[in-house]
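After this come two complexes, each holding subunit A, first together with subunit B and then together with subunit C.
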Partner chain A sequence: MLIFGERINGMFTDIGNALRNKDPKPIQHWAVKQQEGGAHYLDVNSGPAIPTEERVEAYEWMVNVIQEVSDLPLVLDSTNYNAIEAGLKVCKRPAIINSCPAEQVKIERVFPMAIQYNAGVIGLTMDKKGIPKDSENRVAFAMELVAAADEYGLRMEDLFIDPLILPVNVAQEHAPEVLESLRQVKMLADPAPRTVLGLSNVSQKSPDRNLINRTYLAMAIACGLDAAIMDANDDDLVDVAATAQILLNKSIYADSYLKVFRSR
Partner chain B sequence: MSVALVKERYTSKVGEVVLGATSEQGGTRTSTITVGGDSALPFLHFEGELKNRPVIAMEVNDIVPAWSESIMSQFGDVLNNPAVWAKKCVEEFKADLIYLKLNGADPDGENRSPEDCARIVKEVLAAVGVPLIVVGCENDEKNNEIMAVIAEAATGENLLLGLAEQDNYKSITAAAMVHKHTIIARSPLDINICKQLNILINEMGLPLNKIVIDPMIGGLGFGIEYAYSIMERARLGSLANDKMLSMPMICTVGYESNRCKEANTSAEEFPGWGDLQDRGVLWEAMTASAMLQAGASVLIMRNPAAVRLVQKNIADMMSK
Partner chain C sequence: MALTGLEIYKQLPKKNCGECGVPTCLAFAMALASGKAALDTCPYVTAAAKEALDSASAPPIKAIKFGKDSVLGDENVLFRHDKTFYHPTTLLIRVSDALSDADVEAKVQEINGLEFDRVGLHYSIDGVAVVHESGDAARFEKVAGMVAAGTDKSLLLLSSDPAALKAALVPLASRKPLVGEATAENYEAMVNLAKENSVPVILKAEGLDALNDLAEKAQALGYKEFVLDPGSRKPVETLANLTHLRRLAIKKKFRPFGYPVVAYTSNPEPLDEIMEASVYVAKYASAIVLNTSTKAHILPLMTLRQNLYTDPQKPIQVEPKLHTVGDVNENSPFYITTNFSLTYYSVEGEVEATKIPSYILPIDTDGTSVLTAYAAGKFEPEKIAQAMEASGIADKVKHRNIIIPGYVAVISGKLGELTGWKVVVGPRESSGIISFAKSQLG
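Here is the complex of A and B:
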């Protein structure tokens, strides 16, 4: 189970301000803190904090300042592929591109770039028309992404299918569809692509966010979730990830398994 | 028609552990031994690299053991002198290393002092150039006393010291850390305790490449299959990058196989079982080769005739 730390995102006030002021400290603070919490990768997203035309420069800067304090690999999160490419050029370790929907034009831009920079790809089960309501259509999009990986020579373990969870307080019917999609995606190829969720989305604006995140994470892992973009500093949430791995017999139990999950 | 072999790919490998230390490394051994490092299941050369061949440690006791006559007679008159005995094991029987068991430390027996035990260790070190494994008697408290003194007396030799167990690992771990030795972490045929013990030892500050796993085994016919499945699981864990299970494994083959009824009961008593002498050799050799297939890196053996058979088996299995 891989944890992609979500906190370096311009949507958060401190990171947004850091980006506007070119102040590396808050970004570096969260890089170190998330690594300590148990993150295996750091998601990097400028969000709307800086104008589109400055994003290329911003991603290059963010990757550099993070790499000054952390050796974790990065997940470059943007809809601006030039910004992602600028980040990929300076990444010291193979990164993951976040993300690519099942749209031919974007596939043609992203997949060759992934091959060029030895990067992974998070593939979204959606197209221009948006996110499907049911698992069947999510899986159909996943299949297009799997076919693209095959066509461009991206290894299946470098393709992370994200079946897109929506907030439970407004789109409750999606939660079970996403779980079913996780199960189905694992049967699309052998070896199967990996799976990922933007976990915190499930609990947007709910009062019991942490509980919803933890419960859904356990359910999703049981259905085949391999990675989550999530709060790496919610200790109980990280404990759920570690415990689910044990209960699925994916890692051998020892009394100190929680500590071992965080060490590397 | 050609058949394509289905090959497993593993993401990691068994950790490597060095036993002994030469004079450049702070010891007095003429050579060191490296075990582990494999990136596939045992002897599946087509799936990965079997980096270091398994080795045989021959058992030497500080007091004359109560072994069967058919084993004792192969050693002649050396059994009351551990240094000479060890030398014979290395020179005549080609042991890769020596396993020195200090049964004489037992308070219920000879109750040797820690200093006396350390003197014997030094004598054996002086007699042979191969790395040494040193374990105590059956009394934990006494073992902690003697190991502290032995570890200090042999500082820098990188002995393989035993035994660290879940209820008694701190003293020996500390001694190994201070005086630069490696330790045997023993768990009672239990993969979870095995992993936990490695974690606990490592938390004290001893690096993972200074630990060898003793999973405990049963002799052939006496639970060997439990040992096999535990060892296979540990090996698969290490190949899947479970760092806390990735140490090489050591097996007490001589001890376990020679306490089986089949290795000791005469042909007069069970005529169908055949000659005892051959049976005893085969019981130990078969136990050893089963453990090799399960992933053992160090075999502790007793019967020279069995050692010869297993040396040949190792050479055969390692040739591609």
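Here is the complex of A and C:
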């Protein structure tokens, strides 16, 4: 189970300000703090904090300042593929591109770029028309992404299918469909593509967000979830990820498994 | 294992005509993968694609049977702890037809004598490989006949000359020998000979590319009873080949390699040869042809084979009979435990460390630990009393004390009543046996 730390995102005030003022401190603070929490990758997203025309430069800057303090690999999160490419050019370790929907035009832009920079791709099970409600259509989009990976020569382990979880308070019926999608995605290819969720979405604007997040995380891992973009500093949540790993016989049990999980 | 959507999609024509009732080939592939559609509804799928899809659902490595109950192949994993290895490596001893009649007789005698009894199990060698080295077809036929008459074990007949092989094989066809070797030069004659006699045949080529080529050509002759030989004779190369062949067959369902593999030892020194064979037993050889037939060389190899092919999900058990530690006498203490090997050996090790000669009786609990057996009703006073009776312990010691594990102290009353012996509750953990023995048995 891979944890992609979500905190370096321009939607948060401190990161937004850091981007506007070119102040590396808050970004570096969260890079270190998330790594200590148990993150395996750091998601990097400028958000709308800075104007579109400055994003290419911003991504290059963010990657550089993060790499000054952390050796974790990065997940470059943007809809602006030029900005992602600028980031990929300066990444020291193979990164992951977040993300590419099942649309031919975007596949043609993203997959060759992933191959060129030895990067992974998060593939979204949606197209221009939006997010499907049922698992069947989600899986159909996943299949298109799998076929694209095969066509472009992207290793299946480098393709992360994101079946797109939505907030449970307004889109409750999606949650079980996403679980079913996670199960089925594993049967699309052998070796199977990996799976990822933007976990915190499930609890947007609900009370007890942490409880919802960790309950859903455990359920999703049981259905085959390999990675989550999540709060790496929610200790209870990281404990759930570590415990699920043990209960699925993916890591060898030791009494100190919670500590072991965080130390690698 | 069912086919994945991607594997099916690759075999489809990709016309996206919708005639199957599904809008795109990709969607049709997914419908097939989930069992919601049948391949017949696609009018454009080729015969080759149909065959590829059919064979992909077959087991990854074909089972090849020959001789006297020899089964090769039919394995599903790369590591035994993932599930288990099913069919123990068939061990064959090599007999050259260049030997004199007397030497052939002697060798067959020696091979027949390779029978072992160890820890309650019986081992015997599986077969004999008759190798055509004389260059004389009549000699090969004669030696094959002599070997067949001298033993009822499985036979492997090895000659690269189809005519010589035919002469040797035909009279022995009812024994269903494994034959070889089909190579790029002779494969048509060899495979057809095997097909006519319904016996499996070894395909031999130098290296995996050539073997792939040969396997595809041989399959095209309409026969599928094959055993593969990647030609290498150096241990390091053979290890690599065995690993690649097993991996490709299982992980990639690569059909030309979906057959068991035979390995040949090459080291002239028997001790080196057994080390070499040990590697092949551990790393996926379904059959091994050996030179040495000395008991001292063969026993460790057969023991290794036995150990590797046990099912790791099933607990390993010790024989549920009276065991002794040290030079026991009529005053020796008497311990009870279970026949789960982990439990038994923990106890035995600690009892040994007390330096007091002792008796240990492992009760047959189907190989479960003390608490597991107790919870499952397999470690009850009645059963222990019966086992004691059967073990004859009463005639071996003059005291009447039974030491039981501390965790089952609760059975002491009933066990005492049933046996008339005094039940001494030992420590809960075997690590406490030493201090227990010092204070109680001094």
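Following the convention adopted for this analysis, the second predicted complex is superposed on the first by the 264 of 264 C-alpha atoms of A that agree within 3 Å, B and C clash if a C-alpha of one lies under 4 Å from a C-alpha of the other, contacts with A are read in each partner's own complex, and residues count from 1 in each chain.
Everything that follows uses one rule, which is that contacts are C-beta pairs under 8 Å (C-beta built on N, C-alpha and C of every residue); 3 or more make two chains touch, one makes a residue touch a chain.
Note that the structure is a prediction, hence the values are computed from the model and not measured.
**Q** Since both structures carry subunit A, what do subunit B and subunit C do when superposed there: clash or fit?
**A** clash
**Q** In the overlay, answer first, second, both or neither for which of subunit B and subunit C A:A220 touches.
**A** Neither partner.
**Q** In the overlaid three-chain picture, which partner chain does A:V168 touch, first (subunit B) or second (subunit C), both, or neither?
**A** Neither partner.
**Q** For A:V260, using the defined touch cut-off, is the partner it touches subunit B, subunit C, both, or neither? Pick first, second, both or neither.
**A** first
**Q** Please indicate which partner A:S251 is in contact with in the superposed arrangement: first for subunit B, second for subunit C, both, or neither.
**A** Only subunit B is touched by A:S251; subunit C is not.
**Q** In the overlaid three-chain picture, which partner chain does A:C100 touch, first (subunit B) or second (subunit C), both, or neither?
**A** neither
**Q** Touch check for A:L154: first (subunit B), second (subunit C), both, or neither?
**A** In the superposition, A:L154 contacts neither subunit B nor subunit C.
**Q** See if subunit A has more residues touched by subunit B or by subunit C, and give me that chain.
**A** Of subunit B and subunit C, C contacts more residues of subunit A.
**Q** Following superposition on the C-alpha atoms of chain A, which segment of subunit C from the set 41-49, 239-247, 347-355 or 365-373 overlaps subunit B?
**A** Stretch clashing with the third chain: 239-247.
**Q** Jot down the residues of subunit A that show up as touching in both complexes, subunit B in one and subunit C in the other.
**A** Shared contact residues on subunit A (touching subunit B in one complex, subunit C in the other): none at all.
**Q** With touch defined as at the start, can you tell me which subunit C residues reach subunit A in the complex?
**A** Residues in contact with subunit A: 1-2, 4-7, 9-10, 26-27, 29-30, 33-34, 251.
**Q** Quick one: which bits of subunit A touch subunit C in the complex? Just the residue numbers, please.
**A** Residues 139-140, 143-144, 146-147, 150, 184, 187-190, 192 of subunit A touch subunit C in their complex.
**Q** Tell me, which parts of subunit B touch subunit A in their complex?
**A** Residues 191-193, 195-196, 199-200, 203, 233, 237, 242, 244-245.
**Q** Which of the residues in subunit A end up touching subunit B in this complex?
**A** Listed in rising order, the residues are 251-256, 259-260.
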